[in-house]
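Before anything else, here is the set of structures, which you'll find just below.
Look for chain A in each of the two complexes below; its partner is chain B in the first and chain C in the second.
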Partner chain A sequence: MFLHNFKYSFLTLFRNKMLIFWTFAFPIILATFFMMAFSNIEKKEQLDIIDIAIVENEEFTNNKILNEAFKVLGDKNSKEQLFNIKYTKLEDAKKLLTDGEISGYLLVKKESTEVIVSTSGVNQTILKQVTDEIIQNQKIMEKIVENETVNGIYNIDYNKIYENAIKTINEAEVRLENVSNKNLSYTMIEFYSLIAMACLYGGILGLSSINEVQANMSNNGKRVQVSPVSKSKIILGSTLASYIAQLIGLAILFIYTVFVLKIDYGSNLLLIILLSLVGSLAGLSIGILVGSGFKTNENAKTGIILSYTMFCCFLSGMMGITMKYIIDKNIPIINKLNPASMIVDGFYSLYYYDTLDRYFFNVISLVIFACILILISIYSLRRQKYDSI
Partner chain B sequence: MTVFNTFLKILNKNKFIIIMYTVILITFAGFNMKTSDNRLSFVSSKPDVLVINNDENIGLTKDLIEYINKNTNIIDIEDKKDNINDALFYREVNYIIYIPKNYRKDFLNGLNPKLKIKTTGDYQASLAEIILSRYIKLANIYLNINNNEDEIIKNINETLKSKTNISVTSKLDTNNLSKATYYYNFANYSILAGCVYVICLILSSFREEKIRKRTVISSTNMRKYNRCLMLSNSLLAIFLWLFYVLLSFIIVGNIMFSIHGLLYIINSFIFTICALSLAFLIGNIITNKNAINGIVNVVSLGSSFLCGAFVPIEYIPNSVLLIAHIFPSYWYIQNNEIIKTLEVVNIDTLKVIFINISVIIGFMMLFTIISNIISKRKTKTK
Partner chain C sequence: MKNIIEVKNLTKKYKNTKAIDDLSFNVKEGEILGLLGPNGSGKSTTINCILSLLNFDSGIIEIFGKKMNTNAYDIKEKIGVVFQEVAVFNELTVYENIDYFCGLYIKDKIKRKEYIEDAIKLVGLEDFKKYYPKQLSGGLLRRLNIACGIAHKPKLIFLDEPTVAVDPQSRNNILDGIKKLASEGATIVYTTHYMEEVEILCNRVIILDRGKIIASGTNEELKLLTKIEEKVIVEINDLDEKYINDIKKQNNVDSVSYNDNNLVIYFKKGKNNIVSLIEYLKKENIIYNKIYSMVPTLNDVFLELTGKELRD
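Up next is the complex of A and B:
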């Protein structure tokens, strides 16, 4: 009987087109949209070579230091290239700026050096910082020369002093050691929250299989309930069917995101599977609880699950990853109770951290969450009697 | 009037959906808009930096921290568990500088000690690195000349004082214009999802088999009935549009009273009408209410993601933008982006905007024609 019920619950679920659309197809469609929209964000956020212009006037040509410095910074063959420089006349530079083709241009005057930009921004700030640096180096040269002269060397060999000064400036080495974690791609959170959504949407499957066997929810349920089969067998069969259906959907989503979209879930396959199993169980338990605990019609129940899932995903960063961080930082208790956040945080800790304690904390939280919900459902399902329906 | 009354009744039942999408619009528009003054002078970008100092806070170390403080936004994060790593991942800080113990002493002794850093690798972090390197370079240079600490600090600060003059040419209020653009770009989703969904639901209620049969058999003039349905739906769309425009005055502020603001409003109006025709098309093709939910979600999310309503358009890969051309949203959002950078408003500069608007109108006509053909066929076959 168990197998019989299991088989037919399974078939009923797969015949329901709307159900399959929301739990199977919708996450895949959304993942594709995410990929299309987000794939370039992080690349574009890296420092690109900045387009600038320099007004080629007499003052600039005569200023050796500026000349040399920008030649190095604009060298296309160098790894250190920071700018893409166009040497132009003043009118052309102005036109390039209004057309938005350059971030700004440099105008060297007799008494000062000017940077002209169209708006404030990071590229413009970098242009200014670098020009400042070059101007300051010029000042340092003067100071070094002054220092040498004060030291009382009377046979001043300006060339040598200059060479020494340039050497001092170039030899000043900045020693920085980068110790950041390698996996810093924050758009991953979007995909993790998508997996969380798929897990929780699985609740709809659980809900519909519970509805099929409840006498007050469907005609089918009335027939099932009067049949001489133990209730636990029936319910176990249907929920197991929906759990497996849910896992199939999740597996398809994983295969799609890993092989087509190239999402990085970290390298530990077993732990990823464990987290998805537990996450789906949490989704299933929500479905069973809503199916058994709430006394409304099926549409309202589906609505409850959909909006609850969307709200949880919103808090866990699906509509903007800063949301999760803000909640984690200011009201951590909310995300400790939010199953979507537990799933996202579990994947995040697998991806970003080397240690596993945070991951297991999330897995255990999910198990506890699912157990509590299932216990409540069992309590409300057992010994149900209907005087009239 | 009967039609209109029924329309209002169904609308009332579905008001929750419209409220939901409006709340989403307000939340996201408000969330992403930090208030800022309108500045026409140059403002340096300041990356978010965290300094963790394990050295004594005196002398050179103190001066370094003060310098970082002046040129970046110092973010203070409690050094607890994963806090700092989380902050870096979620981009609360772009750059973390760890100053080791005895840094100052080692530096003055000429050892040039290493600084450990953590970086997000984006351009903000690059800027932070430029700023940090600047100071260390200067300190190294002056250490070579004279290794008296006070003298070094004095020299560094003196050198840092000499700066280039910078001037800004644009007279546009870029800050507020970006806000308006963000708002109207996001409204693309609210209009498509909210307006189209509700109109489709209303249409499908009217087209339900039994109700349709009853209407056809009644003495009501079919033309009048259709016109009334069309008018009430248009009224709903226009009302929603007006509501979103009013909302933009509150959220975005003064810039909406300028010629730029007017352009945003005109552009969004044309788009709303186009969305209306799309709603009629979807409502005509599909009558199953559950299926409408799926289709509207896919269409609205799809065109919002691909056309740059959620993510700034410059971040979207070119290949995706090429596909995006088939959505009216693309032309609508392009217009918003053009309005943002419009320096002078004259026939020449407005030409591009007019072209985009005519494309949206083209879409509108296409949707209307297709939905007419489909609805004619449906009535004939039944």
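Up next is the complex of A and C:
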């Protein structure tokens, strides 16, 4: 009986065009739009290579740290190239600046190093900041050398010190690079929210499975109710079919975003799957609760689920990451109770943090959320007869 | 014959309105009982209460000698129900729909397959097995609805207005199918507001109005309840009021009505009142288009008992 009901529930779900659209197609369409919209935004936010000039004088040539640092930052073969550098005479540098061909130029003097710009802007600020940073490091090195001299070591191998200094700077850049990889882009938060939405849309499938067994909700429910099969067996079969259909939809979304849209969800596949399973269960439980607890027609119930899901996703940052931060900062309890936020936060913590405490907190929260909703639904579904149908 | 259904003092209220008012009746094994009444008379509510779909305020319902309740699966497995509204899955084919609902009763796949084929044959859907409900006409959809309700060969069948809004061909097919089910030994409770169907199908009829039984018995017994024995209908254009009053005064005439150029005369006794009427029309030089005689129908019984038409 269980298999019989499961088989036909599964067939019914996969042939229902509306359900297929909302649970399978809609998240994929939205993912595509997200990619189109946010990838452009991110591209715009990426730093352009800045055209600069360096006055090639004796002071610059002798300043090995500056020399080496700008050599690295201007390396055209490096992915990390920040500057497009022209080594020129002072007059040429001035002309290039006047003609607007460079954002600024570097003039190394005996006493100081000057960054000359004609206007203020992002590129000019970056040039100034980077130069200041290198000079700061240079001073640290000089201080080390000075200290070493004071300590009575006179046979100083300056080249070695410079090499060490450059190595230190490079290592610092490597560390910076690692951290920047962990900096989540806006797009990732949007995609986490999208997956949360896809999980919660399982509610529509859950609703469908409950409606089909309730005599006061559907004509098929009347037939099921007069049959010699317990309602719980039918619900179990159809709910499991809904859950599996939901997971298939989610798997398709993952495959599409990973292989077509090239989204990187990180390497913790098992934990990603666990969170998706639990998130989908939470979504399904919303549908079961709405299906069993609300006295209105199926279309209205579907509307309730869609609106609730979209609202939860909005709060969790799907329509703008700022909203998530505002809620987290001002009314954190809302996102603690919001299943979409729990899913988003679970993915976020999995990706961002080294420990799994926060991830498992979200997983357990989602399980508790689903259990509470299912228990309320069971209480409501225990009713066997109706006052009106 | 033993009683298959016994309903005693059934009462169902919606707030202060009694949808069923102290209803008592029984259904005997092998009979086709017609529940006849206009829309809102309580036919569907009665069936839903019998099937334990609806809560009711008071009364006792026994089926196959046992008290009916929602968990009485031993009773439910012998019952088939065809609801007034079509109850099928739009995503499943004709065959799959019947298989799904039949599978709720029959676990043995081989037996089920045989039953499904029988049901498809009974309702004449052999050529539509792979069709989806949306591809079927209203009449064919009703036939599928019936097949889903009776495929498991139940001993007791409830048919709640199964022929509403169907074409004559499908209606005949459905009525033939029901007769066949009865001939195979099923007990049938048939609700309708089409008196013709009741007269064709039912051994016994219960007429309901406002949740109460206003009459019950065989067709013949019910017709004896009416004062009239013959109804004559004459098509006359623009008949003067004077003639209507004249006809009313004639012997044996119970009542006369004149609507839409149709003069309807109800005679108390006899079956040959048409002759005297024709003589009167000739004498008065009244030109008529058509004249015909009818014996009273259940609608006339209902009209006389309640003052309104069954289809009101």
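Keep this in mind: the second predicted complex is superposed on the first by the 249 of 389 C-alpha atoms of A that agree within 3 Å, B and C clash if a C-alpha of one lies under 4 Å from a C-alpha of the other, contacts with A are read in each partner's own complex, and residues count from 1 in each chain.
Heads up, the rule we're going with is that a contact is a pair of C-beta atoms (placed from the backbone, for glycine too) under 8 Å apart; a residue touches a chain by one contact, two chains touch by 3 or more.
Keep in mind that this is a model prediction, so the values were computed, not measured.
Within the superposed three-chain model, A:1 lies in touch with chain C and out of touch with chain B [touch as defined at top].
Of the two partner chains placed by superposition, only chain B is touched by A:320; chain C is not.
In the superposition on chain A, A:227 makes contact with chain C only, not with chain B.
Comparing chain B with chain C, the partner in contact with more residues of chain A is B. Legend: residue contacts after superposition of the two complexes on their common chain; A:269 is shown touching neither chain B nor chain C. Using the contact criterion defined above for the overlaid structures, shared-chain residue A:333 touches neither chain B nor chain C, since it reaches no partner.
Contact with chain B, but none with chain C, is seen for A:38 once the two complexes are overlaid on the shared chain.
Shared-chain residue A:11: touches chain C; no touch with chain B. On the side of chain A, the complex with chain C involves touching residues 1, 4, 8, 11-13, 15-16, 215, 218-220, 222-230, 384-389. Partner chain B is touched in their complex by these residues of chain A: 18, 21-22, 26, 29-30, 33-34, 36-42, 44-48, 94, 97-98, 100, 112-126, 128-133, 135-136, 139-140, 143-144, 147, 168-169, 171-181, 184, 186, 319-322, 324-325, 328-329, 348, 352-353, 358. Remark: chain B residues 28, 31, 39, 42-45, 82, 85-86, 88-92, 96, 98, 112-124, 126-127, 129-134, 136-138, 140-141, 144-146, 155, 159-160, 162-170, 172, 174, 290-291, 294, 297-298, 301-302, 305-306, 308, 310-311, 314-317, 320, 323, 341, 343 touch chain A in the complex.
On chain C, the positions that touch chain A within their shared complex are 14, 48, 51-55, 70-71, 73-74, 76-77, 79, 81, 83, 85-89, 91-92, 96, 100-101, 103-105, 107, 148-149.
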